[in-house]
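After this come two complexes, each holding chain A, first together with chain B and then together with chain C.
After this line comes the complex of A and B, so read on.
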């Protein structure tokens, strides 16, 4: 096997490797800006320079040549090399900044150059705290400045498009944003304009940077030159908690991080998963942070009798206690003939919620739940957007929920006495009209005040993907899970170990207040509400945590055999095979 | 490095004194396109393309675009023919300050260059030749377009040239005012219709050049020498001028001399002879203060250190400079070296493509410090800072523009330090 010696340590390798990526893969560090593992390497920042040489071998014998002291002789390249573009070869010897003052010097010099024209903006810059330039300057940069002349001035606050704003003075011209639109989203909307230190990225005159993936450029910009129109100046990064989650705006199952402060999701960024979304996500998936915060159903509501079947912005619904809501529901279920009670699953709800409903209806002797998928032909793009608008259509299928079309859906509602519906919006999706709810007693387990929620007779507030641990199966059949990112009224941080740590948890300072009582929604996971209902009905159905549902699915349901949250975490989701369902 | 004693009797061959030579029939009457005909049709003398490459390699035509690399050797780096397209890019961007010699070829002997490019195309099995000319040379671009279409009409370019079965196309392409597009890989980007950002090497153009295909880039003057080598043989070529840097050279002499202009003479001419005898001596009999021998990026030589320095790569290296493009800038005793250096630095600042950090930021910093010194606000520590900045730029960038910007600063300051110090206040505090 081929060998490379980096800072005196020998590593074996096979195949083609670029030196920088190899070094990073070993858990070592070389500072860099322009390199991005998913894009071409322009080698323009010159930050990743290292000293490289080659052991000298005797042409004939193939033996290493030794110097006077008996050490292997090294022939050094005359210039420092950019490690991001350098192909590794057998017998290569590398000195990084850890062992070589020349390399240290070069990296420091490059940082000095970058900083001479960079504004001293850090105190008011959104990127501060997660800025590669800031971090590397602290680690490898010069102290003080020798620059006593005038900085270059460039345009600021340029609206490149509806979602991305450019501060050209902060730009270090790494061309990551340009390469993103050239190579990843392929809209070619950005280019670099002008020359020399007047360089900056921009669209063609009159063009708008409305790329459906435009906000990825904000993530990969190594400085605060590109900011999200929606997020800028809202929060410092160190005030927020970062919790892994999933994009629930379509069927792709894009992995994301939810950034929260004071129980509000402030932004959503992509989380690396080479099997699903690499480093990227669509802009549409970022906007849903509002759904997690705003217009939420908090505390159960019940409709006044005389306004049935209308959708008057919920004024006819009045808040009620959990006790009253569940007592009412138990009574309704008791009073009506089981065969006329519909249970409706939802591709918008998690595997666990759908399974809980399935199990509940079977124990109660109700007809099994059905669902209708939400497919919009033509909205997929072959990249991260799918025709499927819901995050868990495949999960419903794997559970064996009956899949029906919208016509049939309409018909069934008409004949029902009671409808028990998981989080979905058939009225918003134009399948039903509010008047269709005239006859049946409609119960919705809802996260938000959707059109359907507004027309319901009983609203049971339920946790959203940012509040519960639950799994979703994407269009490829990959099951992945969420973590609770924000607390509900009933969350106990200390007991729910899946809650990400806040600064209070981590550092215990009493001055930190980003995890507060504020903005907690009065809602419960669907399976908890169903458990409380079951108790009233005398049914043996009791689940506190999604883990219990997953354990049951894992051991009892062939399609989900062997799954666990740990396995999903370790393997970045588990690919389930549909075939197992049919056998 | 023998001094060619007979330079006065030298008969120009690149731009011979024949009136109307730019017209194709006059060029033909004077033996024009005979070398091409020979190469394509005389199979006993030129059995194959490789025999042409070898002859050119043997002649040791050192690239006239600045780097001085043996043209035939460069041609031999082209990979074997694989059926896909291959390109020749002829570099007529001519933007290095002090350089104005390719224009003479465009104007007075365009067909010599075209013939050379066609022979090169044949030698490397190339089917498309691009002639990249700086945009400011509008009238020369038009002349070249005319020359190319005349050569097409006569069957020297196009399908089945002279019935030999060899075909190649030639396209004249105008630059758009960027010095950086003279850098070979940037030129390729520009030809592809992209921003003139130099490419990272490797891969080299011979492996992956224009549109990812094997490409050779040669300067116009380099290629103009090729028909002469074919006609008279490599051994003839090697007798002209300096042994290790042979052949005719177009010396572009500008500055404070009585007769500035482009002079064709053998390589290896003594600088003092060029100034005193060829260019008519210094204006108003002034003393020579400084000479930039080969375009603004080549290190300046002191006027009192010119004795025995000849215009060839070896002699200039010993003297601490480079041959570059042989675009010589002669400066007299009244010249303000601080201003000269500031103006050169302003040029490189303006022309840096901005792609890599040390060049993008360094060129501007150099100019700004020099501006400060020129206006009397400099301190002596600024001179050390200037030298530091050049050290931080050299050898750390994608292309050689950063070096080209750094060298003048390094050498002008080190060779004229007293003049710079005289303009600076004494520093009291060191820099951070």
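After this line comes the complex of A and C, so read on.
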């Protein structure tokens, strides 16, 4: 097998490798800016320099030539090489900054050049704390600057598009953003203008950077030149928690990170998953942080008798206690004939929630739940946007929920006495009108005050994808799970080992001015509410954690055989029923 | 103003395209063709070029903006490109630029009211050995500039006379006379 010697350590390798990526894959480091594993490598930042050579062999005997000390002699390439573009060959000898002062010097001098016109405004820059330029300058850069003349000034606060703002002075012209629009999103909306110390990225004149994937450029910009219009100046990175989650705005199941502070989701960024979304996500999925924070259903509400079938909440719905809400629900279920009670699953709810409802209705002897998918033909783009608008349509199907069309859906509602509905918005989706809720008693397990929630008779607040551990099956049949990022009234970061704790959480108490109790929503996972309801109804249904539901599914449901959260974590999601789904 | 390519132009562009395996490299020669025709390649012309070549406008824009030789707006009859890059800077390029700004009454990047002269500050034109220098209309190099020589050139241009081509020998041997004087 081919060998390469990096900093004195021999590594074996097969096939074609670029040196930088190989070094990174070994868990070692060489500083770099312009290289990105998913895009072409133009080698324009010159930061990834290393010294490369080959052992000298005697041509005749094939023996290594030795120097006076008996060490193998190396024939070095005449100049340092950019490791990002260098193809590895057998017998290559590499010195990185860890073992070679020349390499150290080169990297330091490159950084000094890069920093010459950089404003060094880290104290007010959003990127500070997660900035490759800042980090690598600390590690490999010069102590200070020798540049004493006026810096070149360039445009600041340019709105490249509705979601991305450019500060050209901070730009180091790595061209990552330009290559992103050329190679990944393929809109070709960006280019580099001018030249030398005056250049910076920009759109063609009169064009707006409205690429549906535009905000990925903010993520990959190695400095604070590109910032997100709605996140700039909101929070410092080190104040936030980063929790793995899933994009719930369509069926792709894009892996994301939810960034929270004081139990508010402040931004959403893509999380690498080579099988789903690589390093990317659509802008649309980043906007749901509002959904997680705003307009939430907190504490149960109940409708006043005389306002049935209308949508004016606030007046018509009054807050009530969990006890009263669940007592009322138990009563309603008790009083009405089981066959006239509808249970409706939802592609917007997780596998666990749908399964809980399914199990609950079967134990209570109610008709089994059905659902209607939310497909908008033509909204998919073959990349990360799908026609399917919901995150778990496939999960509902795999659970065996009856799939019906919207006409049938409407019809069934009309004939029902009670409707028990998981988080979904049939009114907002234009399937139903508020007046359709005139007759039946409608109970919604809701996360937000949607149109449907506003028209309901009883609102049971339920945890959203940012608050619970639950799994979702994407359009390809891949089951993946979320972690709780936001605390509810009933969860606690210090006790829940699945939650991450930022420093503000760690040192904050309820009495600190950076802790806002209201940000913790008064809601519970659907399966917990259903368990409490079951207790009242005398049904043997009791689940505290999604883990228990998954364990049951895994052992009892053929489609979910062998699944577990650990397996989902390790394998970056599990592909269910692959054969049937791909045909 | 409406910009468009004639049938002849399009035929020429096709010929240019046929010289390269891909379309992208045709950007430079087609921008030249456009500049020869329209006198400049402003934003609308850049767009026309992009559409004609079926390339992203951003790409054509980036290329046009990179080179000072492409005029991004309407220019005067004579465009004076004064080099202020390293060698010319040391040799007094900025003095020449300032001198021209004064005599023409415009700033670098501007055009005189009579539409006769445009003045640009440009990067290295590859004539470091004869610094300071300037180029006129992307064509004639005027080397070893002094304020007096610059005045003469401007006066000449006003009368429609381009400066003569100066042949400069390489100073291979510092003792030969050719290295000291222009031929």
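Criterion: the second predicted complex is superposed on the first by the 546 of 583 C-alpha atoms of A that agree within 3 Å, B and C clash if a C-alpha of one lies under 4 Å from a C-alpha of the other, contacts with A are read in each partner's own complex, and residues count from 1 in each chain.
Throughout what follows, a residue touches a chain if its C-beta (ideal position, glycine included) is under 8 Å from a C-beta of that chain, and two chains touch if they have at least 3 such contacts.
Note that the structure is a prediction, hence the values are computed from the model and not measured.
A.B. asks: In the superposition on chain A, see if there is space for chain B and chain C together, and answer fit or clash.
C.D. replies: Superposition check on chain A flags a clash between chain B and chain C.
A.B. asks: Pick one for A:195: touches chain B only (first), chain C only (second), both, or neither.
C.D. replies: A:195 sits against chain B and chain C alike.
A.B. asks: Now for A:81: first (chain B), second (chain C), both, or neither, which partner does it touch?
C.D. replies: Neither partner.
A.B. asks: When both complexes are superposed, which of chain B and chain C contacts more residues belonging to chain A?
C.D. replies: B
A.B. asks: I'd like to know which partner A:172 touches here: chain B for first, chain C for second, both or neither.
C.D. replies: The answer is first: A:172 touches chain B but not chain C.
A.B. asks: For A:147, using the defined touch cut-off, is the partner it touches chain B, chain C, both, or neither? Pick first, second, both or neither.
C.D. replies: It touches chain B, and chain C stays clear.
A.B. asks: After superposition on the shared chain, which partner residues are touched by A:109: those of chain B (first), chain C (second), both, or neither?
C.D. replies: first
A.B. asks: Of the two partner chains, chain B (first) and chain C (second), which one does A:203 touch, if any: first, second, both, or neither?
C.D. replies: The answer is second: A:203 touches chain C but not chain B.
A.B. asks: For A:49 in the superposed arrangement: first (chain B), second (chain C), both or neither?
C.D. replies: After superposing on A, A:49 lies in contact with chain B but is clear of chain C.
A.B. asks: Would you mind checking which of 2-10, 56-64, 218-226 or 254-262 on chain B runs into chain C after superposing?
C.D. replies: Of the stretches 2-10, 56-64, 218-226 or 254-262 of chain B, only 254-262 runs into chain C after superposition.
A.B. asks: If I apply the document's touch criterion, which positions on chain A are contacted by chain B in one structure and by chain C in the other?
C.D. replies: 191-192, 194-196
A.B. asks: Residue numbers of chain B touching chain A in their complex, please.
C.D. replies: Those residues of chain B that touch chain A are 178, 180, 195, 197, 200, 349-358, 360-365, 368-369, 371-372, 385, 388, 392, 395-398, 431-432.
A.B. asks: Which chain A residues qualify as touching chain B in the complex?
C.D. replies: 41-47, 49, 78-80, 82, 85, 106, 109-110, 112-114, 116-117, 142-150, 152, 172-173, 175, 191-192, 194-199
A.B. asks: Which residues, counting only chain A, touch chain C once they are in their complex?
C.D. replies: Residues of chain A touching chain C: 181, 188-196, 202-207.
A.B. asks: In the complex, go through chain C and note every residue touching chain A.
C.D. replies: Touching chain A from chain C are residues 43, 46-47, 50, 56-62, 65-67, 123.
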